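Order of writing sets the labels: A, B, C and D. Residues in every chain begin at 1.
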Amino acid sequence: MKRQQTDKIARIAITIVAALVVIPIILVILFIIINGIGTLSWEFFTQPPGNGMKEGGIMPALLGTIILTFGTAIAAIPLAIGAAIYLAEYAKENRLTRWVRIAIVNLAGIPSIVYGLFGLGMFVLFMGFGTSIIAGSLTLGIMTLPVVISASEEAILAVPQEFRVVSLSLGATKWQTIRHQVLPQALPGIITGIILGLGRAAGETAPILFTVAAFYLPELPRSAFDQTMALPYHLYVISTQVPGMPMDVQYGSALVLLLLVLSMTLIATVVRTGMRRKREW
Amino acid sequence: MTEQTIPNKIDVHDFSFFYGDFQALKRLNLPIKEKQITALIGPSGCGKSTFLRAINRMNDTIPGIRAEGQILLDGEDIYAPDVDVVELRERIGMVFQKPNPFPKSIFENVAFGPRVLKMTNRRDELHQMVRESLEGAALWDEVKHRLKDSAMNLNPGQQQRLCIARTIAVQPEVILMDEPASALDPVATLHVEDLMRTLAENYTIVIVTHNMQQAARASDWTGFFWLGELVEFNKTSALFSSPERELTESYITGRRG
Amino acid sequence: MTNDKIAVNNLFFTYPDGTEALSNVSLNIAANQIFVLFGPARSGKTTLLRLLNRLSDLLEGARHQGDILFNGESVFRRNANVIELRRKISMVFAIPTPLPGSIRQNLTYGLRMAGIKDKVLHEARVETSLQQAGLWDEVKDRLDTSAFALSGGQKQRLCIARSLALEPEVLVLDNPTSGLDPLSTAVVEESLYDLKEQYTIVMVPHSVQQGARVADVAAFMLGGELVEVCTADKMFMNPQDQRTEDYITGRFG
Amino acid sequence: MSATKLETSTPDVSPPVRWGEKIIEGLIWAAGLSTILIVALIFIFLLKEGLPTFLDIPLRQLFGKRWYPIEGMFGLASLLAGTLLVTAGAVIITVPLGIVTAIYLGEFAPPWQREILKPLIEVLAGIPSIVLGFLGWVALAPIIQNAGAPTGLTAFTGALILAYMALPTIISISEDALYAVPKEYRDGALAIGATQWQTIWRVVLPAAKSGIVIAVMLGIGRAIGETMVALMVTGNAANIPAFGADIMFQPVRTMTATIAAEMGEVAQGSLHYSVLFGIGILLFLITFAINSLARKLVGGESVRRKRTGF
């Protein structure tokens, strides 16, 4: 075979494979939208599930996921930004820093179910929080750390070094320099990283299985030490654990979860591009 | 053979070249004589490298480019729609400004062309080709005992000669050289210039250089480029001793550029 | 103890990778004069400038020996207030480097970081420093617009004004006209003559010619060593060292 | 050195010790170092709850074939086999798909396509695993069953979905690796008359090898650790699948799915409970090893800004 023919065939094959990757993504999203869109209604968002979850809405689960996402934010953000500033601005190239980096890489690799076990062992049992919003939020928060740390560190490192040097040369302290020059410039990247991390946390099921998620709990939680329903777990329950569950409720729940998470991805992208455009350097 | 009777290997007719809206080359006309060395000189950004890369259509990889006019290789337009770019580049080899050996062994670098062009299936023939190419590039004696070493371990001058060996291994008809000595020290530069002289016995060579002494020393023909135009083209001796245009004179005497 | 503003005594400096940037440099800089430090690239000029206010601290793992006295005190002493030192020895860089924000915010940055919140004082300093840097007339009507909107020459004068707003004792200029056209360069040079009435100026010039134009005292550096230091007249007319002469006459560098 | 000398210096505008800053900087240090503590805590709590697994159960039994917790039989072999099968399947699918897509994006796709495709792949990364698991359960499994498998819930069903979940990671890392190959190499090959495919196959891919290996490692890590998809679509059959042509089309059960399915029903402190934590320890160690290996392959290159120059 002539090599020009091989080249042509390779091009076609590569294009086909790329299409094999891309088309299913579009199909998956369309499939869920088409099957789920009919279920969305005011009641679906505002009512608790009724009649053995076969009727009603997803309100407690949706709200629970939103609460958990906020809890995750509170747990993760200060620690993550602190660690990112440490790595980008304070860490010297030594063994300790290497350990921190190894720790973060490995945190990113730990399976989500193992975070669930850890949350159960440490927060639910050892610290006595019980299955509760606080235990779930802390678990999700720790799971989210590596994503936010990496994104924030990258954003901080992207701030030109000369701003730091100039600020220091004008008699600012190191922290003043970080606070007044570095962080404001790195903020879009940090926010993007936070939203992406939270989006991922909002869609997770395994870490909340044993730490917070309730099978069925029609009323809303009263404190951080209560259980709550959560949308990902709810979807798992209604699709696999409840026999005779109407399909439209299942698709509707899946669509809401998908929209919730994807809208966060979208917001993150908008923040990133919008604030990048405003940037002067 | 008088200079008039030397056949033209490449004919350039009213050739223009665009990057998007920017016209980089303006209606060039020149002959490139067979088995001669043609040097293209001029200040940076004047289009000489663009022209060189237009001859083997290396510019094709850049989006938004457009060519007008003709470049004829043995009378055939290389921008004709049915031209196979890959075959064109088999016939017109190129040596780049920065030595760019592949991160492979010395042997594999030279064997790369014969392998991808499927020039032979036989191990001993391939060996012969590699040896001849390295000899042709005046590198064989320096590397014959370490053909399996990585090409990255050679010094820059050796790397550039390796790239020349890699190019002649596929036996092209024309060799384009884009400032081949600019990254080399004076000794290595002389090596490459000597090599060009030898290669001109078998190949048509076009060389871009910003170094006028090099053009004067090493070439038979010289074209002077200025802002995308070919200001003057002539025998090298004539162009440097009695330039016809004032612009050429002011450039080669260093008053401009 | 001398009356010198700055005294550099037997200073050595080694980069983190082990290369020696300064080797046994000693020189004295008197107050209210323009001290020019010149020499070819990588001769140690910038390194020396950055040691004066200890911006060299940013180089993790670099080492120094010897001493720099500022007003008779070591800048390296154990309890030296580096922050305060940088306000007193203020630096302008080769590339104009406005900070993100308005012209006014740039000018008051140093004051605000020093904890000075007095708005009246801010206003006064903004005006004086811009006038000293020869920029007031051009920007007085747009103090709250972005500093990035200024031209290259204006940006550099803004940076000089920003240093002056701190009322430093020494102004350190590292090739401040490198990115500027000849006209802007002339404006900056002009403002330097006025400034030396009030400040001590240490400067790395863009060229030997610029050095000769502005210097009261000049020092020639080569390969991390101080070749010679003397008054500008002597240096540029009648240098003592052959290397200095070769450099000034353009035989190398 | 004299105290008198210090007194002659001009008074400071600001207080010499800024306690507020010292505290903030202390907190920043603590935050940085806490990451080490967290990894240690995770391991400690896994050990605390899971250690009896390795102390109380003879190793031969632990790595036996039978997983019947009710009868006190905790053979992990079937779970390991399930994880291995699903992961291997996912990797075999995802690696070529991912690398080829990266090649398409980097070498062939016109800019407008790239601008559509890249966000789309980011979207894939954002889809919650439970949603993909749900789709596998309601849509993919019936298709596979109709295609002739005894059940739709098989190792292959899980592997296919996990493969797509791992794709964004593999694509983006391979793309970076391809992008990092100097343009000079491509030019060199093209100028000799190599076709674009020959250039990619013989020059670009070999030069990007290490980055691609890392992509594969991280893809493996993701596939091993994924829980909900494995729980929903692999059939939850804790047995070692019969070796044969249809090995991928049998129901299996992964380690992650086992934890998720059974932790809700065990008595805290029971041996079963410990064993589930023991599986967690194994998962922790496996992913730790994969990540360390990947890190080693990068050769300690870090993205840190070089601060040697000012």
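Methods note: a contact is a pair of C-beta atoms (placed from the backbone, for glycine too) under 8 Å apart; a residue touches a chain by one contact, two chains touch by 3 or more.
Computed from a predicted structure; not experimentally measured.
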Go ahead and name the chain pair joined by the largest number of contacting C-beta pairs.
A-D
In terms of CA centroid distance, which chain is the most far removed from chain D?
C
Computed distance of Cα centres, chain D from chain A, in Å
16
Please compute the C-alpha centroid of chain C, do the same for chain D, then give the distance between them in whole Å.
52
Report, in whole Å, the distance between the mean C-alpha point of chain A and the mean C-alpha point of chain C.
48
Mind pulling the residue numbers of chain A that touch at least two other chains?
3-4, 7, 93, 165, 173, 176
Residues of chain C touching 2+ other chains?
55, 58, 60, 83-84, 87, 114
Residues touching two or more other chains, restricted to chain B: which are they?
86-87, 116-117
List of chain C residues in touch with chain A within their complex
53, 55, 58, 60, 83-84, 86-87, 90-91, 93, 95, 97, 99-100, 109-110, 113-114, 146, 148, 159, 162-163, 166
In the complex, the residues of chain A that touch chain B are 3-4, 7
Please name which positions on chain B make contact with chain D in the complex.
56, 58, 61, 63, 86-91, 93-94, 96, 98, 100-104, 112-113, 115-117, 163, 166-167, 170
Chain D contact footprint on chain A (complex, rising order)
3-4, 6-7, 10-11, 13-15, 17-18, 20-22, 24-26, 28-29, 31-32, 78-83, 85-87, 89-91, 93, 96, 99-118, 120-122, 125-126, 142, 145, 149, 154, 157, 161, 165, 173-176, 196, 199-200, 202-206, 209-210, 232-233, 235-236, 239-240, 247, 250, 254, 257-258, 261-262, 264-265, 269
Could you pull out which chain D residues touch chain B in their complex?
110-111, 182, 184-195, 198, 202-203, 206-207
